[in-house]
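Two complexes come next, and they have one chain in common, chain A, joined by chain B in the first and chain C in the second.
Coming up: the complex of A and B.
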């Protein structure tokens, strides 16, 4: 039963053409609305573009993290569908393109890019050694370079193993993952500080990196779970995924939903308790005007509802329930990013209109397209992986 | 052995795969009362044995939620009603501050109560004797073997059939296990002196370690660094302020809460003319005045204000309050004496609140009338 040579037979089946069509339709619809909205309101669109950037970074980077953590932890249960996370990590290739319009509008998004403002503000001039456009640009390039480097290295080895069945490739990926892990921790922290926290450059919170990481991991897990359950139901994965696999995915979604609440509340409580003006601004903005409803909504959408929905053991094994809450959590991540970013654009109250529609459409379109292109070229199962058979045999 | 009752037939296997297979076969055969013993949890065993999902989770949920609600009520009652203290300028009902405590108690209640339920309801604690204890079978499955035990209680149990069935599965060391009804239900191993003395040792070690940590270790460098804080401590010197004192004087003109500055300092006549007693005489007011008078005034003035001190000459005797002079004083004039004192009599403004002083004045009036009643009092 537990052997390292796998005898799994796998016949590659292409995804239906309709998947590709849906992806293209969403992409075009999204792009049209976005181009139009850039003409109507440049600043507002740039802020929305930043949300899109952070969302896709979450999916791509979070998925790459899931792949790396599987190698590092020696997990077997997730091996049969590790490709899904690998394909989703390919979203990272698109992310730099999404960043271009944000970069072009840096001055309308980031207050600290105005040198005259910084010169007149002793706090901002104190931070200017870090928060200046040149260093910012250098960091952006370094982040993308590192992420893409590890994406290509890790997935290349994994792909190669399909043909060679060489077990050394697994060992090499374990080492790569070990190197990637601290780099991931630092880059995702600094990326979240640069791209979200610096929207309000006076404000700081040391837990912020963890907050964004939690959301990213949830988004990557949710996207993966939805696709895995869909593929398994339609028979694209090797038959043998059982409720034990579903349960593990559901348990991770549930655990990180709790973790998000833990981190979000820790951040809130410390700031609330100390009551220092330079820290409370963040929450004052979000309790101001109609933003207070968005803030209360966040507690329900991101924590209470998915918590209740994934609490019991059967609920984590039910395919329908898992699919529903995966989509729910993806939506919740977008909502969370909107809550983090948009108050910097409209302080008085939240804005919601057709201009906010194009970006999520484009996000879904990109994810579907990247996945379908990848799945056309590569196997949906890592058939050469020595852990595959054990992964299929996994029982709770 | 003959006086003992058959508990089960047991068999041993060498690998986890074999035991999973055996468990599945036994369940398929229709046996319900059988158990598997392995050195570590084997994945997929619940399924193979066709066990129903455990009900323990529901207990955990109920206990956890009880913990949550009990703590919400407890915190609310304590901090908002029973003993409200302003902490960090937060409202008395400061929900975010309750959350960590609610969370901790929820987890604690759920876990402790679940373990206790498991012990008492499912394992029938304190009875911890089990027929399988102290058998060779148990010795084997707690080191490297995987065992199955089919119980005699099962409806399908038949000694010969079970023996053959286990043989067919490929089990080794197939042996019956017997038990003594007496031993199982009466002798509680938890009450054995050996176990009790082990508990005592644990108790002494834990409390000793706690004592040493909290009373000794905390005061050894570097653990005492936490006590060295450059904050202002009352009644200690402090480098922060120019005068070197840690305590600050209140800003000039500061008035304590609920206190109105006394307007007639050093002016007894003014007080006598302008102050009027704000209290309406009632049973309660006289009762209050009596208590306060007996406590604070009677040692010198006597219970009836006749100047009959109980101090036996250690302090000069005061004059009687039944004199013409004091009887003709206004309430305000009396109030002034209590507030400021008079010659060697000390002031009582810090011991008695304004209201209490007025109540004492009313009580003195009653004492005076007891010796010099008015015409109307006699009717």
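Coming up: the complex of A and C.
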């Protein structure tokens, strides 16, 4: 038993300056389009802003979940690139800022914020103990506070370990992750109920939190996978990552693509079969007009295509294929959120124009910038982690 | 704070036994004659089975009027027991297939037994729909085959999907179990001195010689079967949940049912595996193979799945209130405070409250505590199915048809019989086949893994 197991050689290399430039360019381009679109059509922009908010929450919170689940499950294979998820989780710091324009436009997005409408509707007045602006705001603050708290606590220990190599920090993070799990489950559920399900305040589905969680996990995994493969190819990560690691990432993407299909099917099947009007309204909206094409497209984009593309064993190990499908899945998550949110804005058919362009640009810009800022300050490898060598030795 | 060393992977098998020692200790129960205690245990389970047989005989003679099922509550004990036993089986497939795909090495010590348990649990479960149809000798018509009576099945009924789901599940689980047994049959064949046993083991080992090529094929088949079995873990209990959820009955119709049923099934299955393994590791001296670490990991999964179940209860309650639909709201208030409140609170405390003790490491590693908690989990999970089935039916949309369901002695006799049936199979299994996979446990013994350092 050697006392110093981390004999791995890691020399920190800074990301090329062009990454930062691309990030800033996308950020500015996105912001310009967004500011302009807010002037042209406030409501439509607010709805798009909500998609952006949910998308970035997915990336940030999903990545934090991935970090926590690694500690909790005692996984070693993902340790060499856990920092990628930690950096992505930093997106959570930006998310409250994205929420501000949504909050300013609450009345144009959420039907239930109009007290006169609620008073005239017995169902909505029954829900007003939960769906009211004050409680809504309190919940939003609580969610953000909890997420940021756990983000700082967990990543602080991880960062500290780079220098001290103290194994107790791992133990501490395992405990933190265990406490985080139930909090994560409840907050992500109620966040999805508040921000997506309540767009149609009459509709309800008990599985909805699981649906959003699955999509978020996929988005975080996909963003992580893309970055890991890119960095590894360019030599920014530690030497020793093999196709076994790639395979594991691909297998998780594949597994949760299937799990998403299972959850989405369960929700659709039960609502379709029972055919109760208070529940079918959700799918009726999405089968109405040109939305039906978006709905059919969702099945292909979110399930069938990534399923086929990641099914075989070699496809999960091929770097090119993995990069393509992680970008694909990221797009699919955005598409899914569009499908969940936009029918509340435009009932007659889907809308797609330049106004829908600014928000994804901003999302990508934010992710790149957050990542490049974090990677400047911190190591890309958790060099003090006791599981690092085991992670590098990992073979299928 | 005690320091754990994360730099080295803890071995699944403790005490560095040699491979030969592993052969010997796992094969020992098969090579030695059963002792008095074994026969005593068998006598108990066979008596329980006998009680069930008597209950069934009376039911066939006098008819199902002997059961407590009444007009609104047409689904009484038979469906409750069916769902309970199908659920018990789920841990086996989860351990053998999903944990295999997740490369959890600690599963190797417990997979064989859990898989065997899956098969026995599904066999036990299948008794109930068969008797519940009233004329089990006509149950063959549940399969869609063209016949002279022009009887055809209703493909839109989830009860029919159950027939396909459960029979597929049984078939795949059985093949999976058998494929895993092949190398062990060969080991036993080579060890035994009895001529009859040698013939039997030779037949079942399919000419296994342990060559490199055999192993390559074996590993490939095992991986593919694990891939097949994984969606089955989800599909079977999903279909079982559809039995309830596709209807429009409040308390049954809710979209979270599929994943919630699957989590509940894994929850109860793990509790059952843990319960029986505690005895097996003690009686057969497998404490170094099925270690305390392994049991602790199982307890963590019980805590996780129990919390998922708790999450589902909470979501159901919240959404019932949030939906603003009066019958939904009534159903859930009725569950918690109505005539079946006693059953509801047994369920909630056993499934959600008590498993939270597993947050404490000392309790996770204490055999008596974990045993009691796992028993409570199974009690709770049986009551969960009771609460779902009975409370929703006994008070449906039409108050004039409300009725209280009381199970009869015959119902209890059949329930006891199902436990007898299940545990008789378990007992026979422990004495006729290796309850731990010899081949798989060798793969996780210390020193068996090749080092990759030189690659």
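Everything that follows uses one rule, which is that the second predicted complex is superposed on the first by the 392 of 396 C-alpha atoms of A that agree within 3 Å, B and C clash if a C-alpha of one lies under 4 Å from a C-alpha of the other, contacts with A are read in each partner's own complex, and residues count from 1 in each chain.
Going forward, a residue touches a chain if its C-beta (ideal position, glycine included) is under 8 Å from a C-beta of that chain, and two chains touch if they have at least 3 such contacts.
Worth saying up front: this structure is predicted, and the values here are computed from it rather than measured.
Enquirer: Judging by the criteria at the top, classify the pair chain B and chain C on chain A as clash or fit.
Expert: clash
Enquirer: Per the overlay, which chain contacts more chain A residues, chain B or chain C?
Expert: Partner touching more chain A residues in the overlay: C.
Enquirer: Look at A:276 in the shared chain and tell me whether it touches chain B only, chain C only, both, or neither; answer first, second, both or neither.
Expert: It touches chain C, and chain B stays clear.
Enquirer: Based on the superposed arrangement, let me know which partner A:30 touches: chain B (first), chain C (second), both, or neither?
Expert: In the superposed model, A:30 contacts neither chain B nor chain C.
Enquirer: So, does A:62 touch the first partner chain B, the second partner chain C, both, or neither?
Expert: Once the two structures are laid over each other on A, A:62 reaches no partner at all.
Enquirer: Tell me which partner A:343 touches in the superposition: chain B (first), chain C (second), both or neither.
Expert: In the superposition, A:343 touches no partner, neither chain B nor chain C.
Enquirer: With both complexes superposed on chain A, which partner does A:210 reach: first (chain B), second (chain C), both or neither?
Expert: Touch status of A:210: second partner only.
Enquirer: Counting only touches as set out at the top, which of chain B and chain C does A:306 meet: first, second, both, neither?
Expert: neither
Enquirer: In the superposed arrangement, does A:365 touch chain B (first), chain C (second), both or neither?
Expert: So A:365 meets neither chain B nor chain C here.
Enquirer: Would you mind checking which of 132-140, 330-338 or 366-374 on chain B runs into chain C after superposing?
Expert: Clashes occur only in 132-140.
Enquirer: In the superposed arrangement, what residues of chain A touch both chain B and chain C?
Expert: The answer is residues 1, 269, 273, 275, 395-396 of chain A.
Enquirer: For a test of understanding, state which residues of chain A touch chain B in their complex under the given definition.
Expert: Interface residues on the chain A side: 1-2, 244, 265, 268-269, 272-273, 275, 312-313, 394-396.
Enquirer: Considering only the defined contacts, which chain A positions touch chain C in the complex?
Expert: Within the complex, chain A contacts chain C at residues 1, 5, 74, 76, 122-124, 126-127, 130, 167-168, 170-171, 178, 181-182, 185-186, 189, 193, 202, 204-210, 251, 258, 262-263, 266-267, 269-271, 273-276, 278, 385-387, 389-390, 393, 395-396.
Enquirer: So in the complex, which bits of chain B are touching chain A?
Expert: Chain B residues touching chain A: 17, 43-44, 46-47, 53, 57, 88-90, 96-97, 99-100.
Enquirer: Mind listing the chain C positions that touch chain A in their complex?
Expert: Chain C residues touching chain A: 1, 3-9, 101, 103, 231, 234, 238, 242, 245-248, 253-259, 307, 311-312, 315-316, 319, 322-325, 359, 452-453.
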